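Below are two complexes that have chain A in common, paired first with chain B and then with chain C.
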Partner chain A sequence: MARRVSELLSYLGIVSLCICLLVSLAQIKIFYLKSNVNYINYFNLSLIQFVSCLLSFLILIYIFITSDFNFSLVYQNSHTEKPMIYKLSGSWGNHEGSLLMWILILTIFNFMFALMSKVNIRLTETTVGVQSFLILGFLLFLLFTSNPFSLLSESPNEGLGLNPILQDPFLAIHPPILYLGYVGFSLIFSLAIAGLLLNNIDKNWASIAKKWTLSAWVLLTAGIGLGSYWAYNELGWGGYWFWDPVENASLMPWLAGTALIHCVSILEKRNTLQSWTVLLSILTFALSLIGTFLVRSGILNSVHAFASDPSRGLFILAFLLIVLIASLFIFARKGPFLDKEIKYHLLSRETGILVNNWLFLTVLFIVFLGTVYPIFTDIVLNENITVGPKYYIFSITPIIFLFIFAMIITPFLNWSTNNYKILIQKIYKPTLLSVMLIFSISLYFDKLSITEISLLILSSILIMANLNSNILFKNNSFYLTSNIGRALTHAGFALLIISIIANASYAKEKITQAKVDDKIIVGNYDFIFSSISQEKEKNYHKIIANFEMQQHSGTLKKLSPEIRFYNNPPTITSETSIARMLFRDIYIVMNVPENQEFINVRIHIKPFMNFIWVSILMMMIGGLFSISYRIKNS
Partner chain B sequence: MIRKTLFYSPLLIIILLGILFYYSLNSETKSNSPLIGKQIPEFSIERLLNDNDQFSSKDLISSETINFINVWASWCIPCRAEHNVLELLSKIDNVDLYGINHKDTKKNATNFINTLGNPFREIGFDSDGRTSIEWGVFGVPETFIVHRGKIIYKHIGPIHISELEDTIIPIIKDLN
Partner chain C sequence: MREPVKQRIIKLLIGASIIFVAVLIIIFNLRDNLIYFYSPTDLVEINLNNNQEIRVGGLVADNSLKYEENSSIYRFVITDEKNIINVEYRGILPNLFAENKGVVVEGIYSGANNIIANKVLAKHDENYMPPEVIDALQKEGKWQGE
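Then we have the complex of A and B:
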């Protein structure tokens, strides 16, 4: 009986994917025929596309929740003893499931776009057509190489489990959010290709594009932030960003996307830079695809290596190349005729944003080189090299100066005129205040270098300038303008830079061995190793070391790092214990006890950690404000 | 004209990148270490459990059996998980398992062996990790199969029991 149900579900899953495939073909046909189909047609089709894909995704979730081991995918990635949330996240924590989720998100964006863009019908149906082409490609990939609904000939009693490192609540939501960001940029890509095909890249195009770019940007920012938060909590290295190639793979579309947001603004206000905007739209999605390829193909050695599978890499590469070569070919043919030239003034806002665009591209190039160059040397010179954090830090820091400088000035310049009077009015107070503030702080804390002090000053000017100018309040009431989004995002970026500097300069670390009743001193804190105990949980057992954190002989907090021994598959992980305080995190991680007496402990004091997360949150909220402002006024 | 040609440059870049990615995809599946098929690197390090003598590449070259060299450390959690598999491996006929103890302290490493058992014929003590670098080790654990002084195979990460059965044992059969 149970077998019958599984067979039925398997058919149902595949059939609904086939429906989605047929509908995508129909969507492509609509835009290809240039027929005068009315709005209802492609809107309804995109609804069916979305619903059929959702149905098969729900089936996937259902078979994971019920631990139906008739399915080979469930057998390989799940286990009955796993807690419910990880059964759920297990459904997209593997290649087949994540691909299906990717397609689902493509159809969601397609549907949302069809729903919300009723103004320019020709542009909308062409965009939906291009997007359906992407959906079609991924569906073919899924159905022919990685069917999530394939059945095993015999049903095993128990599954093989899920990598315990992946059993973390943040990791359950990090990939979906990251995908939402990546795939969000697919819509901008489709929109850009549609605009190219129709020779329709103008102010109106820009105001449609801006909303969607911002949405994708907020989601990608959230995805990267969550990934970083997970790495900080789970990997036990005490760091939040490792310049790991896979992290870079998500940072690169973010950089290109951020440049795109600014560039679309120029197009919207000044009706210029058409071809550059289109190229950036293509580039952003290209980097999302390349990122997916690099992670999935296993070309890169990294903490994310669990996601790899070389045989599937070839298909992703082929698909990536078809999409990008076709789109860049269209760009090469149509691009040169798009641009409308305008006169640039040195001290106008568009010049400032243009400078910012070049800075973004420079950082992007640095990150790209650091990520891809090792692959190049491996192939051409047969030499393995690793690019460490120092490369990134030393090459990016000087650019950050220019960045913040441009960010302070540009918002106070006018479009299309040379006018710097407002600028001086707005920034002289923040400048004076910041210089005094940071100098007095740096007298008190002696460890700061000149570079750090000047970066801190610039960041603080940026925050104050954004808060000071009557952007946030007008006539003593909360005044919602498009500027509040920008002010929050920019101030968030400045806070991020400040936090990173403080975190790097004042972090303390101690690695040592400890016996029960030992006292370890790090900075101003004493850590008493009070006891060690063992506990059994549902799908693992753990050893817990209990520490008391004291300051001036008073106990502040109890910290208990763990070692977990998972049964299925047999794996051992270290769980960090973190005491979060306003200005610093205390972070303890331990290693498997060598014998009954000793354990290895590592204690980190990480200042300003909370501010890093808050600043990322500020940037996202800023983005949300901008989106809501645009939706309200359109 | 120049401006129009310039618009083709992104296309060119992506094609070049495509070629690079294609080759890297293929090379990855061919071999995972440039040392495979080559003579083992020369080394000579002190023994972990015996102070008198050195453990050196000569021991491996002169050996007629199939040699496994496992790079491990007491601080490495996956090594601990792998230990049972190593015990099984060391009991296979015509196989000698050697260990290189990587960036460790003598005390911890000896403790590790005393607690979990010693499947190794010899253990080299590589406290500064220099010998491991010669072997091209990225991280611990890594295992090399060496026959008559030549590197046949390299395994990155802990050897799982299924990998022992599916990959390692067929290689041993081939060599025999």
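Then we have the complex of A and C:
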């Protein structure tokens, strides 16, 4: 009986995907035939695409929740003893499921776009057509190479389980958010190609594109932030960013996407830089695809290495090439004729934003080179190398200077004309205040280098100038200007730089062994190893070491790092224990060596960790402010 | 509307030279920060400068793991079943670190077949073998996996 249900579900899942495939074909046909279609047509079709994908995704979730081991995917990635949330996240924690989710998100954006932009029907319809081409490509990939609904010939009683390192609440929601960001940029890509095909890249195009770019950007920022938060909590190395290829894979579309947001602004306000905007849109989505390819193909050797399959990587690579060649071909034919040249003063906002774009591209080049070069040497020269984090730090730090400098000045410049007087008037107070503030701070904290001090000063100016001119105090109440979104994002970036510097310069670390009742001293804190105990949980048992953190002999907090021994699959993980205080995190990891009477402990004191997360949140909230302002005014 | 040709050429030249210098700086910086991977046999065959940052991978040799309590230093031997290298590491060994299992260490080559490791990487999956280690073992014909 149960077997029949599974067969039915499998059938239903595949059929709904096939419906989506056929409808996508129909959507593509619409923009080929250029017949007199009306709004209802493509809107209804995009609704069917979305609903059929959703149905198949819900089936996937259902079979994971009910642990239906007739499905080979569930068998390989789940286990009855797993907590419910990880059964759920297990459904997209694997290749097939994540691909289905990717397609679902493609259709969501497709549907949302058809729903929300009714102004320029021709443009919307063509965009939906291009987007359907992407949906089609991924659907073919899913159906032919990675069917999530394939059944096993005999149904096993128990599944193989999910890698315990992936059993973390943040990792459960991280891929969906990250994908929303990646795939969000697919819509900008489709919009750009549609605009090219229709010779319709102008101010109106830009104001549509800006909203969607901002949305994708906020989601991608959230995705990267969550990934970093997970790595910090779960990997137990005390770091939050490792310049690891998988992390870089998500950073690259972010860099291109951020450049795109700025460049779309010029297009929207000044109706110039058409071809550059289109090129950046293509680049951003291509980098999202490259990111997926790098992560899913197993070509990377990463701390986050997932089980992966080279042949699938090959498909993504082929698809990437088709998308790139086709879009560059269209671009070469149409792009150069789009540009409208305008004149602007050298000290104008246009220059500032162009400088910003160049800086973003430089950072992108640095990250790209560092990520791809080891792959190149491995394949071509058969040399196995890794790029050390110092490469990124040394190459990017000087650019951060220029970035912050441009970010301080540009928002106070006028479009097209020079008005340096207003600029000086706006920033001289924040500058004086910041210089005094940072100098007095640096007298107290003597470890800071000249580079760090000057970066701190610039960041501080950026924060003050932004907040000062965008949060106004009049008639006993606060007003936010319409630029508050940008101000918050930029201030968030400055806060991020400040936090990174403080974190790197004042981190303390101690590695030692400890027996019960030992006292470990790190910085101003004493850690008493009070006891060790064992507990059994649903799908693992754990050893817990209990520490009391004391300062001036008063207990502040209790910390209890764990070692977990998972049953399915048999794996050992270390769980960190973190005491989060306003200005610093205390971070303890331990492990238990065999045949020894002590445990190994590593204690980190990490200043300003909270501010790193807050600054990422600020950037996202800034983005949300900008989006809501745009929706209100349209 | 178009600017004079001369002005455009000058702009282009300035732009190109800035890009050229930037790329040059980045590439030199990359070259200085590359960490090469070697198997123990590679290290015997080539003459490596001391104090160079490298990665070494192979199997942790049987009965080689020692712990010095007073200095909290771990010592173990990485082998590719042909040659060996001695590792010195001050830190916490990963949970899946074990003798006869694959490992990759990153650290400073200190000559005479010694490496002072600052990172010991053993992956989170019990069955996972770092690709470099598989390569190193395959070269010596000692790989027994698929």
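Criterion: the second predicted complex is superposed on the first by the 616 of 634 C-alpha atoms of A that agree within 3 Å, B and C clash if a C-alpha of one lies under 4 Å from a C-alpha of the other, contacts with A are read in each partner's own complex, and residues count from 1 in each chain.
Heads up, the rule we're going with is that contacts are C-beta pairs under 8 Å (C-beta built on N, C-alpha and C of every residue); 3 or more make two chains touch, one makes a residue touch a chain.
What you see is a predicted model, and the numbers here were worked out from it, not measured in a lab.
Q: Clash or fit: what happens to chain B and chain C when chain A is overlaid?
A: Taken together on chain A, chain C would clash with chain B, as the superposition shows.
Q: Contact-wise, after the overlay, does A:Phe445 reach chain B, chain C, both or neither (first, second, both, neither)?
A: The answer is neither, since A:Phe445 touches no partner chain.
Q: Which holds for A:Glu341: it touches chain B only (first), chain C only (second), both, or neither?
A: second
Q: Could you say whether A:Val589 touches chain B, chain C, both of them, or neither, answering first, second, both or neither?
A: After superposition on chain A, A:Val589 lies in contact with chain C alone.
Q: Now for A:Leu328: first (chain B), second (chain C), both, or neither, which partner does it touch?
A: After superposing on A, A:Leu328 lies in contact with chain B but is clear of chain C.
Q: Who does A:Tyr62 touch here: chain B (first), chain C (second), both, or neither?
A: It touches nothing on chain B or chain C.
Q: Per the contact definition in the header, classify A:Ser275: touching chain B only (first), chain C only (second), both, or neither.
A: In the superposition, A:Ser275 touches chain B alone.
Q: Of the partners chain B and chain C, which touch A:Tyr428 in the superposed model: first, second, both, neither?
A: In the superposition, A:Tyr428 touches no partner, neither chain B nor chain C.
Q: Which partner does A:Ile379 reach: the first (chain B), the second (chain C), both, or neither?
A: Only chain B; A:Ile379 stays clear of chain C.
Q: After superposition on the shared chain, which partner residues are touched by A:Phe394: those of chain B (first), chain C (second), both, or neither?
A: So A:Phe394 only meets chain C here.
Q: Residue by residue on chain A, keep only those touching chain B in one complex and chain C in the other, then list them.
A: On chain A, the residues that contact chain B in one structure and chain C in the other are 301, 384, 563, 569-574, 591, 600.
Q: Per the contact definition, I'd like the list of chain B residues that touch chain A in the complex.
A: Going by the criterion above, the answer is residues 3-4, 7-8, 10-11, 14-15, 17-18, 20-25, 27-29, 34, 74-75, 77-78, 80-81, 108, 111-112, 115, 136, 138, 160.
Q: Show me the residue ranges of chain A that touch chain C in the complex, using the header's touch definition.
A: Touching chain C from chain A are residues 163-165, 301, 303, 305, 307, 341, 362, 365-366, 369-370, 373, 383-388, 390-391, 394-395, 511-513, 563, 569-574, 589-591, 593, 596, 600-602.
Q: Considering only the defined contacts, which chain C positions touch chain A in the complex?
A: Residue positions touching the partner: 1-2, 22-23, 25-27, 29-30, 32-37, 53, 55, 67, 69, 72, 90-96, 106, 121, 123-126, 128, 130-132, 135.
Q: Spell out the residues on chain A that touch chain B in their complex, using ranges where they run on.
A: Residues 275, 279, 282-283, 286, 290, 293, 297-299, 301, 310, 313-314, 317, 320-321, 324-325, 328-329, 331-332, 335-336, 372, 375-376, 378-379, 382, 384, 563, 569-574, 591-592, 594-595, 600 of chain A touch chain B in their complex.
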